[in-house]
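Shared between the two complexes below is chain A, which pairs with chain B and chain C, respectively.
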Partner chain A sequence: MISLEAIKERLEGQFGSRLLDRADFRDEVTYAVAPGDWMEVLSFCRDDPQMAFDQLDCLVGDHLPERAAAPFQVVAHLVSHTHGQRLRIKTALAEDPTLPTVTNLWPSAGFDEREAWEMLGIAFEGHPDLRRLLTTEDFEGYPLRKDFPLRGTIGGRIRTELKGKI
Partner chain B sequence: MSEPATSGPATSGYISSTGEPEPHGYSVEVPPLEHRPTLDELKERKARTRQNVETTGEILTVSMGPQHPSTHGVYRAVLDLDGEVVVDIRPEIGNLHRGVEKLSEERTYHQIIPITDRLDYLSSFAMNHGYCEAVEKLMGVEVPARARYIRTITSELCRLSNHIMWLGVHIMDLGTQTFFCICFRDREYILDLLEMLTGARLTHSFCRIGGVAKDLPDGFAHKCRKVVEFLPKRVAEYERIVKQNRIYYRRAKNVGIFTSEDCFAWRVTGPPLRAAGVVRDLRKDEPYAAYDEVNFDVAVEYNADVYDRFLVRMKEIRESCKIIEQCLDNLPDGPFLAKDSVHTMQLKKNVMRDAGAMIHDFYQVFHGPDAPKGEVYRATEVPKGEFGVYIRSDGGTKPARIHFTTPSFYHGQVLPAMARGEMLADVVAIFASIDVVLGDCDR
Partner chain C sequence: MGITGSALVNPFDRGIQATGEDSLGGPVRLPGGFAMPVQIERILGFGRSFSFWPLLFGLACCAIEMMALGGSRFDMSRFGMEAMRASPRQADGMIVAGWCSTKMAPRVVRLYEQIPDPKWVLAMGSCAISGNIWDTYGVVQGVDSLIPVDVYVPGCPPRPEALWQGLEMIRDRIKQSRHAYDGLRRIPARDALTGGTGEA
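This part shows the complex of A and B:
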């Protein structure tokens, strides 16, 4: 069993200034990395015996329109059963976001990435089966983006201000 | 129905220990009691019980669901079959997608509670509870002791109702109708308790930020005690009917083996993970509510197959009864809702009598509770596995992004890995054994 402090030290010792940001909030730690370092940091977290994050709890896409340069982010929540610790790693993405897939590290990311792709338009390179998951095949738009309206119907009564958005 | 006498002491019930060859080409093993297979043994057993799908002939594609009764809802699995051997499965979900996360972004933290009911509608309170734990972590709300105990009791009642319902449906999938009715009759006692406590049988919406909606009603403790004393006897009867039934044993034993390594990689949590010999239970590992103040054992089995998932759930029912009894014994006095007017609702009985309470009630209903800026993730152990809630808050009364990491979402994804190389009829048993509810899966 290794404490969260030791895990922080190990990760910071390995990557140093490539970890762009660290946030400690409510006993949870969040690291921000560049999209280019995404694969390297995550595979280090999984494979290093002092980290041993053997489970990806979830991979969440997010939209922050107020952050104009990088309006998208992907957040990975890792769990280590060996050490009983949790870690959150996120990366900020610009418009037309793409990120390498982590399905080769944790196969459970398959549905997560498909969901992030259909809901936010974040493409995952190398994903074996990047299709729509929860919405219909002919659905247009990215529902979880903040500019997507909450109300409105397709086919029946369409509010004119929503034209082109749904 | 009796077995021909074999050498050695007679095995109890109907389990055959003759080792006669099965149609699969392997024989049913009766492992000695307390034999715990190692990971390598399990891997070897997994390889042995699965058919080789590389040498395939003509492939037949069959669509199972979304209206198939054994898919427990609107799950659709497209099966590629070679004869009766499953070569590949493509799961199709989303028929019950309601956009829960998008809806939640437009609501205040109080208004999201009824939405979480509709995730896993067979254990609604556990979902309310998991969500409220996450919000309390974000806002730093201290929950009074009595509320923590009431939450524990209600969560465990949901676990009982969920597992009993699961058992009935699982056994019905494998061929018997009567047992389904037996389980539904027993589930009714628990639903009566939940109705007495929360006023609803299915979607409770009973949890509140900082506590619960109501105190325990008069006579609840007495009635609850009677049920939890009665249920372990019923579990013994379920086990007498199912555990040593030859048909169930052969359809469940060594079917759908999924080792602990596979479980971690595919994020399989809850009873299927514990059936693979992993002592992992968030009630112990990351305790919440009153779980660190009661004594209970984590239910673990070691063979990682459908049969052991059944055994784990039966053990969990017994442990839940123990937890409820201890909570009723040690139930502390005091308030059942935190006195924190910035984050919690006021008691309705005070609103019309007390000016301060009325102002705070007005504030909570029309404005909502204020959250600090930051992001939290809180996972709790719901009956189906680990339920995580990720909240990113920019401050204000609504979450900027909320994500529900539901166990069934990953359990729906894992079916191909779990059933590839098994027979077609085993898909039904395997799918039932991981306990997918589609409201939970599609969100």
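This part shows the complex of A and C:
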């Protein structure tokens, strides 16, 4: 078992100023990284024996239109069963966001990345199966973006061409 | 003309909107020229009303109240409704319990079409009736835009007693051989599927 302080030390010693921001809240810690460092930081978190974050708890996307330069962000919530610790890594993305997939690190990222792509339009490069998950396959638009209309059946429709589909 | 597209005439589908007991007058014509007396139809309806088997089908939180009605406290098996069939081929109707998403909509239509005639549909809860507060991209604004609905039970969710009353209304309709598809003949989704001809 390694304390959260040691994990912070280890990560900051490894990446230094490439960790753009750190937020401590209620004994949990969140780091911000650049999109270019996303893959490297997450690989290190999983593979380094002092980190050993073996589970991707969830991977979520956000739309923050008040941040004009980087309105999107993706947050990876990591759990280490070896050390009993949690860690969040987040990255800010500009319009037309793309990010490398982490399905090769944690296969469970597949569903989370599909949902983030479907709901927010964040494309994950290299994802093996980037299909719509919750909406119909001909749905247009990204419903969890803040500029998506709150009311009305916009973007989707009831599919009636049933034969062979279900 | 049955929903199944079979050549057999559905003896209960006479193309009129039944309005009450009086509309039951006259024999029902069966294939081959056989006329079934209306008394037999009433006896059949009386029997059916005591063994209405709904489809085991819950969409959302209303299904919890539906389960409560099936449980021992409210006990809908008193009325021969406890056998909720997992296969639509064995069911007499469906209780649409909960909100229906646009992704679920074709499945709901398909399950409805798989239930053999005669069949009755109960829309349970505000979401199934109108979409409730979810006037959004993902929710069908009332399942009656998909399938003909016999009885609407409002509530969010309705109490089991309310669903019970709705099922009693279904039983009345069974006894009177009244169906939501009487006089409708077509359902919107099927028309969209077949281009309005009504034939699959």
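FYI, the second predicted complex is superposed on the first by the 153 of 166 C-alpha atoms of A that agree within 3 Å, B and C clash if a C-alpha of one lies under 4 Å from a C-alpha of the other, contacts with A are read in each partner's own complex, and residues count from 1 in each chain.
The criterion applied here is as follows: contacts are C-beta pairs under 8 Å (C-beta built on N, C-alpha and C of every residue); 3 or more make two chains touch, one makes a residue touch a chain.
All values reported here derive from a predicted model rather than from experimental measurement.
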item: Contacts of A:L56 with chain B and chain C, given as first, second, both or neither; value: first
item: Partner chain(s) touched by A:W106 [first = chain B, second = chain C, both, neither]; value: first
item: Which of chain B and chain C A:A68 touches, first, second, both or neither; value: neither
item: Contact breadth on chain A, by residue count: chain C or chain B; value: B
item: First, second, both or neither for A:T30, with chain B first and chain C second; value: first
item: First (chain B), second (chain C), both or neither touched by A:T135; value: both
item: Overlap of chain C and chain B interfaces on chain A (superposed complexes); value: 134-136, 143, 148, 150
item: Interface residues, chain C side, partner chain A - complex; value: 102-103, 105-107, 109-110, 135-141, 145-146, 189, 192-193
item: Interface residues, chain A side, partner chain C - complex; value: 134-136, 139, 141, 143, 148-163, 165-166
item: Complex interface listing, chain B residues touching chain A; value: 93-94, 97, 99, 101-103, 106, 137-138, 140, 264-267, 278, 280, 285, 374-377, 379, 386, 388, 390, 392, 400-401, 403, 405, 409-410, 412-414, 417, 442-443
item: Interfacial residue positions of chain A with respect to chain B in the complex; value: 23, 25-26, 28, 30, 54-58, 60, 62-64, 75, 77, 81, 84, 86, 88, 106-108, 110-111, 132-136, 143-144, 148, 150
